[in-house]
Amino acid sequence: MTAMLRQMTTRGTPYLFLLPGLVILGALLSVPLYKVVEYSLYDNVIVERNPTWVGLDNYTTLLTDPGYWSAGLNTLVFTIGSVAGHMVVGIGLALLVNADINPRARTFFRSMLVLPWIFTAVVVALNWQLLLNPFGLVNYVLQWLGLTSEPLDWLGNPDLAMWSLLLISTWRGYPFIMVSFLSGLQTVPRELYEAAEIDGAGFWHKFWHVTLPQLKPVIYGVALLDLIWTFQLFPLVWLSTGGGPGRATEVLSTLTFRLAFVDFQFAQAATVAVSILIISAAFTLLYLRNEARRL
Amino acid sequence: MSRIEIRNLVKMYGAQQALHGIDISIEPGEFCVLVGPSGCGKSTTLRMVAGLETISGGEIAIGDRVVNGLRPKERGIAMVFQNYALYPSKTVYNNMAFSLQLSKMPKPEIDRRVREVAEILELTQLLDRKPGALSGGQRQRVAMGRAIVRDPEVFLFDEPLSNLDAKLRGQMRAEIKRLHQRLENTIIYVTHDQVEAMTLADRIVIMRDGRIEQQGTPDEIFHDPDTVFVAGFMGSPPMNLVDCMVTPTGLKLGDSEIACATPERIRPGERVICGIRPDDIRPASDQPGGAPITLPVTLIEQLGTEKLVHFSAGSHDMIGKTGGRTELAEGRPQELSFDMTHAYFFDPESGKRIR
Amino acid sequence: MSRIEIRNLVKMYGAQQALHGIDISIEPGEFCVLVGPSGCGKSTTLRMVAGLETISGGEIAIGDRVVNGLRPKERGIAMVFQNYALYPSKTVYNNMAFSLQLSKMPKPEIDRRVREVAEILELTQLLDRKPGALSGGQRQRVAMGRAIVRDPEVFLFDEPLSNLDAKLRGQMRAEIKRLHQRLENTIIYVTHDQVEAMTLADRIVIMRDGRIEQQGTPDEIFHDPDTVFVAGFMGSPPMNLVDCMVTPTGLKLGDSEIACATPERIRPGERVICGIRPDDIRPASDQPGGAPITLPVTLIEQLGTEKLVHFSAGSHDMIGKTGGRTELAEGRPQELSFDMTHAYFFDPESGKRIR
Amino acid sequence: GEIEWLQWFAAEDSTGFYDELVADFQAKHPDITVKLVTQPFGKVRESIVTDNAIGVGSDVLGLNMPWTKEFLDIGILEPLDEYLAREGNSFATEDLVEAPLGQIDGHSWMVPLNAFPFVMHVNMGLVRKAGFDAPPATWEEFAAQAKAISALEDGTSGIGMPFSSQPPSNGPILTFLPLLYANGGRIMDGTTPNFDNPKVVETLQFLKDMNDAGGIAPGAASRTGGVDLEEFIAGRTGFLISPGVHSSSITGRNPDLDYTLVRVPSNGDKAYRVHGWEIGISADSDNKEDAWTFVDYLLSPEVNARAAKAANALPGNLAALDMVREGADETLLKQMEILEGDTPVEEMRQSPKAAGSWSVMTEEIQSMLRGDKTPEETAAAVQARWLDLAK
Amino acid sequence: MADTAHPSAARRAVNEERRRRWRQAGTYAALTVVTFILVFPILWMISVSLKPTTETFSLPPRLLPDEFHWGGYAKVLTDPKFRTFLLNSYLVGLAVTFLSLVIGTLAAFGFSRYRFFGDRVAKLFVITTQMVPTITLLIPYFGVIVFLGLYDTLWGLVLTYLTFALPYSIVMMNGYLDTIPRDFDEAATIDGCTPLGVLVRVLLPVALPGIISTAVYTFLLAWNEFLFALALTRSMDMRTVPVGISMMVGEFGLKWDEMMAFSVIGSLPVLILFMLVQRFVVGGLSAGGVKG
């Protein structure tokens, strides 16, 4: 009898640990999540006090809207570009900043390099607008170096705007990857590098054949988290370009916002949100699968 | 197959000196084992030969080249690490092929060599596995295979067997011996385990605190130690080393007297350290020849085929041996016979052998 | 000091059965060693006694209590882990004091006990260090100290020495033995190393594939094995186990005949597995009594005080022994004397001993 | 009772004027407390809608005329006709600037706290340097001067056009509409969009020509209103079309600027786009009486004059003009002249999806300036997309 | 022989040393250049904060102002409003960090150390909550907060950021705890720890690097968040730094100097905090605990 009771409490232990977290998440987010899905099935929510049920009409509208598809395509470019940028810059810097140099200097460089992370998006966006402005510093330097003859309108030229946005997003996002990768680097056994050195490996060989494979789980996890976040990154894009010029940098999150708060079409916005949810869920399943494999 | 010359090798870690001028000269094809207590500088020496540590002073030559400034890959060496350091993401095949791939060897040639070595080490079945799916002994073999495929002039081993269990350790020891007989490369091998040192080495180098204490063949080291340190270090259970007073007829050990010949250089009345291996102390019934003394037995350890007899002589705890089937009781005095023909004598101050 | 009764213990991992009904009864104060090949279920058994694994069937009693449902801390046990599992962020002192602190013992009392144990284990100098700053042997002692301060009824050791080097292993083995003699706790000790098993145990339990193969005193296990498995498992180098044909006067081993007495139950013409320890095969000059046969010596391993003589008899590779100073040449036939009084015979089918 | 006043005015003011205003009101009305809820301008519109959706809307709302129609669709605003008709009001309805009062759906929905006519700010230094001695009054002069100033030296331009997509992307209503109105054009036909009319095309053509001639600062598609203003203050553009209220920050921040202010150059029509800070009452307010008491207080000539001065604007209650006129500088006097003499136009109030329509205009004008579309196509495209949005 | 060999050995040793020094110099050079480029936008922000607004747009652009203009800093440092914003941001940031570490670590411990019915579903739920763009959640979420009576309180913000930060904390801490051998748990269990005791007394000290990097992430998330901070508060007393900064983006222009000054001042403590904790972000604390 007591044994059974004990068994039950033992079985219950993990649930007790999860309880606070799940309660908070559940209490605060399950209703909003449910609401968003519900909104997407009605017409004119919020604006109308008594919205009408339209079933999947919003989805049909959405899927036939070229604006949605182009925003989707932009999102894809932006997400992949940003994540790739974060990874390349973040990993590169992590390697550099992990080098065997004076510890004080190392602390200094690490702290400096993490700076882009600690400013709020409004400031980051405005600052980059200043820098990328036709009369701004970037153009000035490029002209001074003779790389361009005319000032370029980085954020106003549809051919350049996405690149500029990727630049800003990369700048803003690499520190997270850098810090994660840096902590990962500490776990790579030194012997592996030594073995590789004896096998005749140079810097790049060591990176490709030792560092990367060793940190694959870290990279995979971090990349997927980054992917999910970048996929719905809103403030930075909205404040930097507002989706423009035209809709050249419109991504799904800015489209959602535009639908919701510019056009007050909350139902349509919810529909886009649900579509983002579905796509992110695919990422997440990928992530969980990867994690299961790691265990 | 290259000669290795290590001349006056010095290593500084900051202000701390880890090696104080090491000189070793290893013949082509010789199997040289470095032993010594933890922290004595064995790994440091080996890693300097490999090129993994910078050289603070002195010179290392492999073959005819001084390799001081060379990178590891230019030294013609291969190394097996204590914890194997296999690339976890590569298959056994690729672990072994990696260095060949880096050296841009043609694919078919790589394949031929990897398979040949795998055959020797009985790894052929495992070529597609990753290290994570191997047992300890198999990993160890892969680590060796990785070194062997390169066909280096010199092999370096840093405690390659210390992570294996006793049984496997014995097997792999034999395997390494066989490999050496077959490949005939020059080998430097670091170990803690004196059985490995004794069975594998052509030459043993005993180190202590960054200096060489003695070097020579296993027989020399074991049967003709130069210092009390070497005498105590080699042999398990270790040699009994007891502080004795020299008497005209032999030695005074605690209250008992043992009759034996002492080297001429020592006079009666002097103190001396006397070393006697446990094998040379046996119950009088086992070994009729020696000098019998009756001493109290404190503990008997049954090892199976033999028993260790712990007894005390004055303030010294000493160990003798007997066969596994000899009946002997703890806690009672026992007549023990000391075979003093194989006793060693050392100067208590300098620790040097008195011959 | 408690009796431990393990009755029909069964462990299932999912559908896979790891233990098939283990029965062990350990007297108060007894030192019980579990040995067996890797994966045979030693750790599983130990961990079930500790309460770290659930019990799928059967019963474990410590003292008078069935502990099946109890938490580890309620069982009055302490455990030393193979890899020590020291708390890396705590000092040695706090590592040792932790369980006492948890049990709300008064501070001065904790301090007294920790210092006392530290004194025994020679850890007093190290009490303020963290595990990262200790050598392997020191860590091992801290792990032991952590178990000892609790003064438990039962100690559980899971391969406590397997990560130490040979020298240290020998020292710590003796230390554990001394501790047991002093504290007189009941101990269950898991090891791979038969020397440990032989020297430490009051009772050895040999396991194989989740079953008990034989249990008894070290002498019984070593000198009176019940099965060919046990005979081959205990002893290093292992017992020579050779397939022989029984002849009217003895055995036929390869081309040679050995004269010896065979158990009555076996008739001439039957096959039998004959086990002879290497100790009982020596050069004829060493051991005049036995049956001499001339066989080719393939390899000689110098261990210092003794040499292993590898030779082949028909298709069998066998090992004999000789003293460390005996001169013997490899590659040449040698007259070897087999002391058949200590030979064992086993049924080739069942592996059971034929007495 | 307690009422909340949601506005962005206090964020624009650094003197603490609004706290004092509230304190003054509470001193006069001890039974009413007013809580000042200040939001950044860019977020007020969203906040009002969000708050309303949750049911925590403020009682008194700071409003911007272009939001009106959208808010009406959601039902946020309380009709003010009945309040305006009251006897005891501290102001006369006829004295208020007219545009905000104009009826939509048969009701008035807001009252003006203050008003800013759109004007053209002029850097006379650049004008003179380019060889002219007077600011432009007509489009022709305007184009010529802008072009000449752009040609002056590196980095100066005639005029900036803030057509960035960055929120709120309202460049067209800041610059394009004032020009259109001065050209006699309109973009609405009652309550329906009417963007593709000849006047609009003509105005677009004017912009395009000026741009092609180099009169417009480069980077219009990424230029925000803020940057536009800053560059004018920094002396980098000759002209700036924006609310007259900017004159004080221009002269305040760069006193060295040889600055004047004129009517937006016209093709004969004396019409100006009027803008201001408006006040409304939330339909969901539990305390509409107190809310009105507060609004009434804000509109009383004396308070209204103070509010106007604090914002460097003109009062919404024109009866306060005389009070503001005392000690007013020349630029303010010029604005008063415009306010009193010219026709105020405000079309965004009744326009459906105003905020969305700015984005549409912004995007289409961007593509016109890039040379991807003709003015006709631009006008047609805006019209089509706007109608689609309003559907 | 020795006579000829030694000079060459010495030369080689020097070569090696020189090579190492060159490599270090290269690393420093690369780091300096890269850091300068990447930190330049921030230098620019500092520069803007020190320029009078008219100079912000001067041509050609200049990093150093003609004359240092401390007006922005003076304004920000003297206005009590900004002190409130900073205080609120730090309060909220620290509270969120603390709570999400506590709650997240508990949940992570559950996921890491137990297999139980529904574990994958629970984890999926945790991650799913992250996947909807937060802007679309704004209105319904706002409703929940009002319903809970937490509207216009810092607690409302804390709770909100907690819901954003928790999934990350759980996932990351789970990963870190997974790297700690179970042996510690078992040793502590035998020493008499409850599961909670195992977590708090034994695992957390070992997981410190993970805790710190999770904390950094969480803090910055709360520190930088703007949309919800704006929507869920309305009194000046409850505003945070990002909202304060956005207030400087007015209808008619922008207070560049004040805005940048405020950003810089607000970020300084964060930077110092990071410098202090970054030592723990690296290096294995489990050294020596287990062998093999």
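Going in written order, the chains are labelled A, B, C, D and E, and every chain counts its residues from 1.
FYI, a residue touches a chain if its C-beta (ideal position, glycine included) is under 8 Å from a C-beta of that chain, and two chains touch if they have at least 3 such contacts.
Everything quoted here is computed from the prediction, not taken from an experiment.
Participant: Which contact partners do chain A and chain C have in common?
Facilitator: A chain counts here if it touches both chain A and chain C, which gives B, E.
Participant: Would you mind checking which pair of chains has the most C-beta pairs in contact?
Facilitator: A-E
Participant: By C-alpha centroid distance to the whole-protein centroid, which chain wins?
Facilitator: E
Participant: Starting from the mean Cα coordinates of chain B and chain E, work out the distance between those two points in Å.
Facilitator: One centre to the other, that is 52 Å.
Participant: Approximately how many whole Å separate the CA-defined centres of chain A and chain E?
Facilitator: One centre to the other, that is 15 Å.
Participant: Can you compute the centre-to-centre distance for chain A and chain B, using the mean CA position of each chain? Integer Å is fine.
Facilitator: Computed value for the inter-centroid distance: 56 Å.
Participant: Could you please state the distance in Å, as a whole number, between where the Cα atoms of chain C are centred and where those of chain D are centred?
Facilitator: So the centre of chain C lies 92 Å away from the centre of chain D.
Participant: Where in chain E do residues touch two or more of the other chains?
Facilitator: 56-57, 59, 139, 143, 246, 249, 254, 292
Participant: Residues touching two or more other chains, restricted to chain D: which are they?
Facilitator: In chain D, 53, 155, 227, 231, 236 touch at least two other chains.
Participant: Give the residues of chain C touching no fewer than two other chains, as numbers and ranges.
Facilitator: Each of 136 in chain C touches at least two other chains.
Participant: Enumerate the contact residues on chain B facing chain A in the complex.
Facilitator: 50-52, 71-73, 77-79, 81, 83, 85-90, 98-99, 102-103, 146, 150
Participant: Hey, which residues of chain E end up touching chain D in the complex?
Facilitator: 52-59, 75, 138-139, 142-143, 146, 151, 230-231, 234-236, 243, 246-254, 256
Participant: Give every residue of chain B touching chain C within the complex, in rising order.
Facilitator: Checking each residue of chain B against chain C gives 37-39, 135, 162, 165-167, 170, 177, 192-195, 198-199, 218-219, 222-223, 234-237, 277-279, 299, 301-306, 308, 323-325, 342.
Participant: Along chain A, where are the residues that touch chain B in the complex?
Facilitator: For chain A paired with chain B, touching residues are 189, 191-192, 194-201, 205, 209-210, 213-214, 216.
Participant: Considering only the defined contacts, which chain A positions touch chain E in the complex?
Facilitator: So the residues of chain A in touch with chain E come to 11, 13-18, 20-22, 24-29, 31-33, 35-36, 39, 46, 93, 96-97, 99-101, 105, 107, 109-123, 126-128, 130-131, 135-137, 140, 171, 176, 179-180, 182-183, 185-187, 221, 225, 228-229, 232, 234-235, 252-253, 256-257, 260-261, 266, 269-270, 272-274, 276-277, 280-281, 283-284, 287-288, 295.
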